[in-house]
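Structures for review follow.
Each of the two complexes below includes chain A, the first together with chain B, the second together with chain C.
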Partner chain A sequence: MPLQPWMKLLSTDDHVIEHPKVWTDRLPAKYQDLGPHIVELDPRDVGQINLAGMDVQQHVQAKPIQQWKYEDRLYPNIGLNAVAGKPREEYGFDPVRFDEMIPGCYDPVARLVDMDLDGVWGALNFPSFARFACTVFLDGKDKELSLLGVQAYNDWMLDEWCAAAPDRYVPLMGLPYWDEELCVQEVHRTMAKGAKAFMFPEGPSNLGLPSFFEEGWDRLWSAIEDVGAPVAMHFGGGGRAPQAAPGAPLATVITTFSTNSMATLTDLIFSPVFHKHPKLKVGLNEGGIGWIPYILERADYVWERHRYYQNVNQTIRPSELYRKHVHGCYIADDFGLRDGVRETIGIDNITFESDYPHSDSNWPHSRKIAEETMLHIPDDEAHKIAELNVRRLYNFRPEEAGKPTDPVA
Partner chain B sequence: MPLQPWMKLLSTDDHVIEHPKVWTDRLPAKYQDLGPHIVELDPRDVGQINLAGMDVQQHVQAKPIQQWKYEDRLYPNIGLNAVAGKPREEYGFDPVRFDEMIPGCYDPVARLVDMDLDGVWGALNFPSFARFACTVFLDGKDKELSLLGVQAYNDWMLDEWCAAAPDRYVPLMGLPYWDEELCVQEVHRTMAKGAKAFMFPEGPSNLGLPSFFEEGWDRLWSAIEDVGAPVAMHFGGGGRAPQAAPGAPLATVITTFSTNSMATLTDLIFSPVFHKHPKLKVGLNEGGIGWIPYILERADYVWERHRYYQNVNQTIRPSELYRKHVHGCYIADDFGLRDGVRETIGIDNITFESDYPHSDSNWPHSRKIAEETMLHIPDDEAHKIAELNVRRLYNFRPEEAGKPTDPVA
Partner chain C sequence: MAKSIDEHLFGDDRHEIVADDWDDQDLLTKDEAGQRLEATIRATEAELEQARVSAPQRVPQLELFLRRAHAALGLYGNGEAGETK
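Right, the complex of A and B next:
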């Protein structure tokens, strides 16, 4: 069994469902009503939600629906795909109330029990209501509140979630993307409290922010380089999802969501970012890995013949930048783990994810499936993919890495 | 040398540049001025063109620029990337005049000379001005003219281009997509004249047409099934290209253009099309092949867990539909041709393309590079990829397939 029992499986993509008091516990009195809080709505008043271009009927039920209210906006889908523990035949866009979720979705101590069941030792968690790159605060009209909102999320993640098990939760922070100077300050504020990684939207220009090709991020990248933390770009965190064709099932969008990560990777390796910031590391979270060899070969091919008339670095191949700066992750990607293929992706560039509590997760069988899919992989490679790459890339307690002499539960 | 000299290399994606008289030679007198014809413009009056979301300065030159005029609309880029024969350092968005192109771009006899130089025996050619799925006639206000425009293109392709070498050119037809009944009629009209394949936009809903999930194409698919011809969906032929981020070089879009083909494949294998039309064959032209294993594994994974609550066929895996119905093609895709990878893509599902005269082409070295990249492939597989798959899928003169006893030039 290459994934030895003493190896601590670390996930680079799980999700928290923010509990109802994350913001009200932390915001000053004047922002209690304007800041994010949960409201109860009659399901008959809620109607349809729009998801990836499709209208989807909300769960019809007797109980009120819970939604987030932030300033004058309602945010549906608080539990979108928080389906951990349900049979596949019951998957849908539910649940829409906290009492329909298992507590591990929003409670860090209950989550540890679920992680133990799943054989997952530690995890990097992305937001849900706050969106996959914590960009919901870009919506805010009151930017003082927006900043407090980002800080409240980060403080909750640090002081409440990760504090429940500092050796198992990797603190991942949001940033006030609308102001680079505030971003830099938040990097330093949170690093002083133990932050390990920073979210960033994969397609910032879709959110009205500068692209990777424009001025506006160099001071932030320099700050993040200096503190030695990676940037985590979860697919769908850039404000643009693949759009379903009229009449198409959501399955088409779920299948092609990784094309977002392909575009993100391509943008980054043709941009000046890695040339200017040689120590910056970027994770493509939930994007899968099996497509990486194709995109790298294609990027190099395009670079070889099309760079002369374009504003592109003329000396370093895009694939070299990937290898040095970028890592991917996978839930299930037998093709990407194949002999020969995973070496092309790079053993040091692959991490594992569980995606709890979303419907793509194999919870509570993540470790069992990870073991099965790694049967052909040498032990040292399995250890890198399962644990050591995360320890290194996220500077996450490398001294606590699993050892063969560790007692195993 | 697995690609034996007697094997006839067939390309499933080259391009014609329509010569200036394609339509004026064929349209009735009343449409001479309204139908597509070439006009000469002062370059100072043309300014910038918009390409994949980016403003690109037209080639600044002393000579007038040639553009197509169709009804009251001008169509720039007649020679977009028709760069065959130029050094890479001179690539750009030129040329903009016929006298700046080599004649093989628009002359079927000159093209044969270029194909001989390139070691390519035969080719399927897509339009340029008329767009990669011959959809320019959707723009027409006068739909009588639109129909005549499609028919003129098809007649030119059959009577002039392919007639120059019926054993080397595969006749590929456009259709009047705005009217299914007219499409069916055009299928039968052109089949009677020797047509072998039909273009179709990869994302019809982006052009205001029914999607693959909607009603509106079943009579056409049935007609095409009945005549035993494949449907060729060239990437970019659906009216939607990857959009470059602000400030991004076009290289990013060129690299990720295959994400269009990924979306097309995903749509098709989650749609009812192949369930209702079990003999229909679809080519994904210019999309590359190295990404196919990832997308198929991902589609099956999504199908296994997300089909229950969606309007998706519940019994046949998406990857099975791909294997039976779809083929891809590649210019250069060492990863896709690797041992193990190409079997996953399917030896019977892979074809070669040259992409003459675009800047992605390796002309005049296509055969040499094809030989080098197939060195590790058994002869019988190389023959399928280089020639036999096209003979079979396009029903293209299978009796003329290369044989070891053939004399070699």
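Right, the complex of A and C next:
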């Protein structure tokens, strides 16, 4: 069995649901009513709220619905705002109250129970209400509150969530993207408290921010490469979904989710970012890996023929930049793990993800399925993919890596 | 000339910030998690019975898994946990 029992399985993409007091516990008194807090609404009234197509009237129930309120805006789902615009029959029943969720969503100790059951030792967790790159604070009209909101999320992640099991949770931070200087300050503030990685939207221009090709991020990239932490770009964190044709089933969008990561990778390897920041590392979270060899081959092909008349680097092939700077992750990607394919992706560039607590995850069978999908992979490669790459890329307690002599729980 | 972040954020060409992330992956609900756990417990109990006969070295590991699975199943019955934070 190539994934040996002593190897610790680390996930580079799980999610937290922020509990109701994440911000009210941390914001000053003047922002208690304006900062993110949970409000309870009569389900018969929520039809008056713009729910972007959700037929909530069909969802009438005895208990009030809980929603986040931030400034004067209501955010219609406390878990994931996953279902906007979808026909009811095309999505599962999303919890509308915290007491409908499994506790592992919002309780770091309960999460450990679920991780133990799943055979997953450690995890990097992305937000839910705050969005996958903590970009909800871009919505804020009061930017002092926005900054405090980002800092409160980060402090909660560091002081409450990760503190529950510092050897098992990798602290992932949001940034105040509307102000680069504030971003740099937040990098240093949180690194001093133990941060290990920083979120960034995969398509910043979709959010009105400078793209990877424009001025506006160099001081941030320099700060992040100086502290040696990776940047984590979760698909969907850039605020734009793949476009489906009119009338197409949702399946077409789900199938093409990873094209967001393809576009992000292509942007990055044709941009000046890695040329100007040779130590910067980027993770493409939840995008899968099987597509990477194709897009690298295509990028190099285009670079060979079309670089001469364009503002792209003339000496370094895009695939070289990928290999040095970018890593991906997979839940289930048999093609990406095939002999010959994973070497093209790079054994050092592959990490595992569980995606708990999304229903897309294989919980409570993540480890079993990881074992099955790695049966043909040599032990040393399996160890890198399951654990060592995360330890190295995220500088996450490398001295605690699993060893053959470790007792197996 | 490149635009500053302020110009990007507040200029006329500012894109509409979407209200929500678009990820479609619904949360694992208590019901779904419970169903997955119950199925897993049934399968593991059958595996344990076989292991007692044919692979006794696996018994402690399977018993530990079953204890954890039952504990998790019990945890999902605590419906008020989220309100006491």
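Rule of thumb we're sticking to: the second predicted complex is superposed on the first by the 378 of 409 C-alpha atoms of A that agree within 3 Å, B and C clash if a C-alpha of one lies under 4 Å from a C-alpha of the other, contacts with A are read in each partner's own complex, and residues count from 1 in each chain.
Methods note: a residue touches a chain if its C-beta (ideal position, glycine included) is under 8 Å from a C-beta of that chain, and two chains touch if they have at least 3 such contacts.
Being a predicted model, the structure only gives us computed values, none of them experimental.
Once the two complexes are laid over each other on the shared chain, residue contacts for A:Met262 go to chain B alone; chain C is not touched.
Of the two partner chains, chain B is the only one that A:His306 touches; chain C does not reach it. By the touch criterion stated above, A:Glu214 is placed in contact with chain B and with chain C alike. Legend: residue contacts after superposition of the two complexes on their common chain; A:Phe335 is shown touching chain B, with no touch to chain C. When the shared chain is aligned, chain C comes close enough to touch A:Leu117, but chain B does not. In the superposition on chain A, A:Tyr75 contacts chain C only, with no contact to chain B.
In the superposition on chain A, contact is made by A:Glu180 with chain C only, not with chain B. In the superposition on chain A, A:Asp360 makes contact with both chain B and chain C. Within the superposed three-chain model, A:Trp291 lies in touch with chain B and out of touch with chain C [touch as defined at top]. In the superposition on chain A, chain A positions 91-92, 205, 210, 214, 250, 254, 359-360 are in contact with chain B in one complex as well as with chain C in the other.
Put simply, chain B touches chain A in their complex at residues 88-92, 203, 205, 210-214, 242, 245-252, 254-256, 258-259, 262-263, 266-267, 270-271, 288, 290-291, 293-295, 297-299, 301-312, 332-336, 338, 340-341, 344, 359-360. Residues of chain A that touch chain C in their complex: 17, 19-21, 52, 75-77, 79-84, 86, 91-95, 97-103, 105-107, 110, 113-114, 116-117, 131-132, 135, 138-139, 178-180, 205-210, 214-216, 235-237, 239-241, 250, 253-254, 257, 355-361, 363-365, 408-409.
Of all the residues in chain C, the ones that touch chain A in their complex are 2-5, 8-9, 14-15, 17-33, 36-37, 40, 61, 64-65, 68-69, 71-72, 75-76, 78-83, 85.
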